[in-house]
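The structures come next, written out as C-alpha cells.
In the two complexes below, subunit A is the common chain; its partner is subunit B in one and subunit C in the other.
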Partner chain A sequence: MPKPDDLHFFIDPNRCIGCQSCLHACTECDTHRGESMIHLEYVNRAESVQTVPVVCMHCEQPTCAEVCPADAIKRTSDGVVQSARKPRCIACGNCVVACPFGVPELYEDRKIMMKCDMCYDRSSVGKKPMCATVCPSQALFFGTREEIERLRPQSTPINTFQFGAQTITTQVHMMVPRALATRATYVDVAAAMDEQPRSRAVSLKVIGDPFADVEV
Partner chain B sequence: MAQVPVDPIRIIEGFGPHLSAMTGTRLSTSVEPDRLVKTHCCFCGQQCGIQLKVRGNEVIGFEPWEEFPFNHGMLCPKGVKRYLQGAHPDRLTHALRRDPSSPSGFSRLPYGDAIARVAGEIARLQQAHGAGAIAVLSGASLTTEKTYLLGKFARVCLKTPFIDYNGRLCMVSAGAANKKAFGIDRATSPWSDMIGTNVIWVAGSNVAECSPITTNYIWQAREQGAKVIVQDPRITPIARTCDLYLPVKPGRDAALFAGVLQIMIERDWLDHEFIRDCTVGFEQVAEYCREWTLSRTAEVTGVPQRAIMQAAEWWGTAKTSFLLHARGIEHHSNGVQNSLGTINLVLASGRIGKPNSGYGTIVGQANGQGGREHGQKCDQLPGWRDISNPEHRRHIAGVWGIDEKELPGPGVDAYELFRKIDRGEIKGLISICFNPKVSLPDNNFVTRCLEKLEFFAAIDFFLNDTAWHADVVLPGSLHEEDEGTVTQVEGRIIKINKAVDCPGEARQDWRIIQDIAQALGRPHGFAFTEPQEIFEELRVASKGGVADYSGVTYEKVTQQLGVFWPCYSEDPKTGKPISDHQGTPRLFERGSYNPVAKGTGPFYFPDGRARFNVADYRPPVDDGSEEYPIYLTTGRVVSQFLSGTQTRRIGPLVRQYAEPRIEMHPRLAEKLGIADGDWATAETRRGTITLRAQVVTTIRPDTIFIPYHWAGRKSANQLTVAAQDPISKIPQYKVCGCRVRKADAAPDYAAILEPQQ
Partner chain C sequence: MADLNSRGMSREQISIPPDGAPLDVQPAWRQDFPIDWPQDLYVERRDFMKFMVLTSAAFTLGQVCIGLQNWYRKQTGQPPVRRIASVDDIAVGAAIGFAYPDEHEPCLLVRLTTNEFVAFGQKCTHLSCAVIPQPAEGSFYCPCHEGRFDLRTGVPIAGPPRRPLTRVVLERRGQDIYAVGVEERTT
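Coming up: the complex of A and B.
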C-alpha cells in the first residue's frame, strides 16, 4: 500500500530542542531495530544550542538513486525513496557521498546502505513515522497541508533547495519563518546581559519563495 | 552498622550501574508482542501516555499512544527507552544482606528471612530507644497508593513521626507558596489552556530538557501569537528562540519579580477590580516593591533594564497569560519567596481561573503532584490535611481505626532527618524510592550519616548508591510491575497499568511494606490485597480534604483518560451524594464553589480570596564571594533522570550524554586558561569535583553549570550547600559560591570507572 497522498512530512528546525527522541524512536522501528536512519546535529554547540534534525528528504529526482551503479535505490509511486534493495546494493557508498543532505549510511558489516524510508511500514498504512510521532517539540511533523497551515501560521513550507548548480525538489518540506524575523535568536548570554543589544542579523537565501531573503 | 561493606568498586562490579542494550527479542524485527499495555512513562511529572509491547514476561519495546490527550504519542528519549530498564542485568531479584566476606559486599537472603530480620531490628531499636528511633524515607515517583500506604505505615505501624520524602528536594517551595496564596496546591489549568494565550512567562524551567512535552504546548501557543519570556542563567533550548530572554543571575529571582511588579504598579498595569474583589494583602506587597526601582533591580538581578521593562510591559498589558516555574526558582533558600513573587505577578494581573490564563509549577517527578498530597510528607495527612490540625487528625484516625492520641505529630524534613541520624536520635532507617547519597546537597555529610545508622533497610529494584550502606535490601517492583494511580503536572489523576510480573523473589512495594507490618505483629490496617483497595481507602481518607479524591474511581480515570482533582463523591454545596462528578480541570473560576470558601469566592480560604504575600529578596546562603567568586548552579540533562538509578543503566541514554561536564562561558574559560574538553576542578566550601569542561556561550560568564545525575566523585552534590528554605525546607541547589581551575591531572576515577558509574 502506498503512503496516502495527503500526508506529508515537515521539518521545523526552529522548534528542535536537540533531545534526540527522534533518533531513539528510529532505532525502535520494526524494520531496522537498533539502528537510527536519521541524524541530529548541533550547528555549533560552542555558540548555540541550535540543533537540526535530518531525515531523508525524499527528492523528486533522488541523487542517491541517480549515482547508484547497481540501480538499488527505488522511488515508489508515492514519492518515497526506499532504502537500498538487498540483492542489488554493492555497498559502494556512491549514494553516501552524493546525497546533498548527508542522509544515507553504509553498514559495512552488512554490506548495505540503509536510510530513512519515512517508516514505510507505518506511513504506508496511514500511520505517522516513529520520529514525527514522538518528537516532543513537533519539529518533525507528519500530517496534511491543511493541518500545517492551521497549526503553523508563522511559517511556510518550502521544498526547493539549491546546492551549487543543482536544484533539488523534495517530498519533505522545511518550515521557514514567513515574516522577516524581528530579532535574532539568543545565542550568547553575555550579549543578553548588555544594556545595548547587539545586532546579529544573518541572511539565508531561500529559493522559490516570495520572501527571497529571510533573516533568521 | 551501615558502613559500605567492601570497596565501592567491588559493589559496582556486582550491581552496576551496567548498561542495558537492545538484544534478543528487543532487537528482533520478526518477533511480535503478545499484547500492548496502555500505561505511562515512569520518569517525570509530564506522565506521558505510552503503550508497552509485552511478550511473555518481558517488555520488548513501545508503541506511541496517540489517543492520550496530554502527549498525543509524543515522548522524550527517556520515555522511548524506558522499557530497557526491565530484564536488566542489575535487577535485584532476591533479598540481600550486607556481607563483607562476599566479593560484591552482599549475599542473598531468602525473602522471608529478610523480612523477619527487618522486623526484628525495628522492634529491637524501638524497644531500646522508642518508636521515633526509626525513620522512613520515601519518594514521589511512587504511585499515590504507595505514598498513602507509606504515610500510614510510618504513623500507624511504626508509630514514628519521622517520615519524609524526596519531594522535599523538588516541589515543596511551590507547594508552600500555593498553600499561602491560594489555599490549594495544584496547577490552575490544563496545559491545553496555553494555546491562545498572549504571554507565557517561563521562570527557571529548562522546559525542553526537563519537561519536553510542555515545549510543544508553549510553541503551539507562540504560533497562535503568544510572546514567550524565559528567565534563566542559561540559554536552554526553550530560551534560544523565545521572544524575551532574561539572563538572571542565580538566586536573584525574587528581586526580578519585585522589580517587574513595581513597574506594573507605576504604569498602572493592574487589574484593580480583581485585586479589590478577590485578593487581600496587595498594599503590603506594593509597599515592599517600592524599593525595587528599575536600576536597582537590574543591578541585583544582572538583567538589563531594557529587558526588565519589556517583560513588565508584555506581562502588564496582556489580556491572557500563563506563568510556569520550576526548580530554577524553587531550589533556593528563598524558594518560597521566589514562588510567591511569581504568584504576585499573576494576582496583580487578575489573569487566573479563566480560559487561556493560568499558573503552575512544572513538577519534576512522576507523582510530584499526587505524591505531595496524601501523607508521606512529614507534616501532612491524606487529602492534603495537616497533621497538627485536631479535626484533620480525628478524621484520619477514624479512617485508620486508631485513637487520635496514638497518631504521631509532625516529623522533620528529609535533610533534618539526616541531622537527627548524625546526632544519634534516629538509629534505624527504611528507605524506598530515594537516593539521598546522590541527590541531597553536601552529600559527603549524608554518607557520614548513613555510616552511623545501626540498621538500614532499603527497598529497591536496583542497588542504588544509598543502598550500598544497607544491612538488608528488599527487592521491590519496577513501575511496569505494579498498578496504581499518579497525579501528573496538570493535576490529572491517571492510571498506571501492570505489564509484567516481578522477577524472582522481588515483590510489589506495597506487599513488602505489608509484610514488614505483619512480621512486626502489627498487621492492623495492612491487609490490602490489591492497589485498588488501597485507593478505595484513600478516597475515604481524602474526602472532605482540599485534595478530595472521593469521587475518583479507577473506572472513571480509565474512561475519561484522567480525572482532575478535586473530584467529589458528595456535592460540596448540598452534601448530596453524586457519582458523576467529572473533576475540576480549571481552578478558581469566578463563581465556582469550593468547600473551604463555601461560595464566598473562588480561592480556598474561608473568605474566598487569594493572598498576596510580601516576597522579599534575600541573597543566597554561601553566595559568591571574593574567595569563591563564581556561581555554581545544577540541573538536569534530557537523557538522564534524578539520581540516575534507572537512566544510568539504560545504554542508549547513557551514550547520549555519558558523563557530567562543567559548563562555562568562553570569557570565564579564557580567564581560567581552560579549553573545551580540558579537565577542570570546581571547588566549594564543601568539596571538589574534577570533570571535563564544556565551553559554551549559552551560560552567564559568572556562572558554571553541572548536571547532578551522577554518583560518587562525579556527583555535583558534593559541592552544593545544605542551606534550606525556612518554610519549605527545600535545599538551595541552584546557587552557591565556587571557584574553578584547570585540573592538574585527570581524576583517578577516569581510568577505572565507566562513564555511568
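Coming up: the complex of A and C.
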C-alpha cells in the first residue's frame, strides 16, 4: 500500500530545539528496529546550539540509487526511496559518499546500508513517521499542505536544493521564511562549506626577554 | 512548487534521470536497472516464456542423459569376478572392507550367520559418506546425517537417504567368497 499522496513531510529547522526525541523515537520503528536513522546535526557548534534534524529527503533523482553498483536501492511508486534491498546490497558505501544530504548509513558488521525510509510501515498506512509523532516543537511535521500553510503562515515549503552543479528536487520539503523564499527558490546545500570559522586564536604579548638579566 | 501528480507520468515510472532528458533518449541500461520498484519487479512475458522453455529443455536433456547412462551401464555388463576373502577370515557378526570393482568403490562384506554373507557398497546414497557397519544393531550407520540402512538388505530405514546401498552379488566357491557383480537399485 503506498503512502497517501496528500501527506508530505516538512522539516522546519528554525523550530528544532535539539531535544533528541526524534533520535530515540526513530529506533522504535519496525522497519529498522533498534537503529536510529535520523541525524541531528549542529549547524555551527562553536557559535550556536542550533541543531537541524536530517531525514532522507526522498529525491526525485535519487543519487544514492544512481551510484549503486548492485542495483539495491529502489524507489516505490509513492516516491519513497527505500533502504537497500538485503539480497543485493554489497555494502560498498557508494551511496553514503554520494548522498548530498549525508543520509545513508553503512553497517559494516552486517554488510548492509540502511537509511531513513519515512517509516514505511507507518507512512504507507497513512500514519506519521515516528520522528514526526514525537517532535515537541513540530520541527518535523507530517501532514497535508493545507495544514502546514495554516499552521506556519510565516514560512513556505521548498523542495529544490542545489548541491554544486546538481539540482535536486525532493519529496520532503524544507520550511523557509516566506520573505526569503521569494528571493531564493532553492536551498544551497553546500553553501556553508565555504564559510570560514571565525578565528579564535589567542595571542599573548611577550614583553621583552624575561631571562635577559639572568647570568648563567 | 511542482505538484507531485501533475507530471503526466504513470505511477510506475516516477524517478527522473539526473540529466532530466526523456526516457527514450536515455541509455539502454536505465531500462535494465530501473530505480523504481514496480519496474524492477516487472517481468516481460517474453522473458518469462524464455525462462520456462529453457528450463524445460534442461530437464528434458537431463532425462535423456540419465537414460543414456543406464543404457551404457547395461551394455558394459558385469565387472570381472574377484575373490574377496576366505570364510575363515571373517567371524560371525563381523565385517571386512574391500574394493570392488575398482579401488574407488569401497565395499563392506558382513557375515550375518555361519552361512550367510552380504556385501554392499560403502557409499551412503545421500551424499556418499562412508557408512559404518553396526551388526549388533542390524544396520549400517552413516554418521554424516544420521542415516541408517538395513544390514541384511541395504534398504534405507532412517535419515535422509532414499535409495538402497549398492549391492555386491556374492558367490561362494568352497571356502572362498567371490564378488561376481554389482547391483545398483533405486527402490
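Everything below uses one rule, namely that the second predicted complex is superposed on the first by the 179 of 216 C-alpha atoms of A that agree within 3 Å, B and C clash if a C-alpha of one lies under 4 Å from a C-alpha of the other, contacts with A are read in each partner's own complex, and residues count from 1 in each chain.
As a convention for this text, a residue touches a chain if its C-beta (ideal position, glycine included) is under 8 Å from a C-beta of that chain, and two chains touch if they have at least 3 such contacts.
These figures come from a predicted structure and were not determined experimentally.
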item	value
Contacts of A:P53 with subunit B and subunit C, given as first, second, both or neither	neither
Touched partner set for A:D194, first subunit B, second subunit C, both or neither	first
Touching partner for A:T31 - first (subunit B), second (subunit C), both, neither	first
Touching partner for A:C19 - first (subunit B), second (subunit C), both, neither	first
Greater residue coverage of subunit A in the superposed arrangement, subunit B or subunit C	B
Touching partner for A:P129 - first (subunit B), second (subunit C), both, neither	neither
First, second, both or neither for A:P104, with subunit B first and subunit C second	neither
Common interface positions of subunit A, toward subunit B and toward subunit C	none
Interface residues, subunit A side, partner subunit B - complex	14-21, 23-25, 27-28, 30-34, 45-51, 128, 130, 133-138, 151-154, 185-190, 192-195, 197
Subunit A contact footprint on subunit C (complex, rising order)	1-2, 4-5, 11-12, 14-18, 33, 35-38, 40
Complex interface listing, subunit A residues touching subunit C	2, 5, 60-63, 65-66, 71, 73-77, 79, 82, 157-159, 166, 169, 171
Subunit A contact footprint on subunit B (complex, rising order)	22, 26-29, 61-62, 64, 66, 71, 73-77, 79-81, 208-209, 212-213, 215-216, 219-220, 222-224, 233-242, 245, 247, 302-307, 638-639, 652, 656, 665-667, 676, 695-701
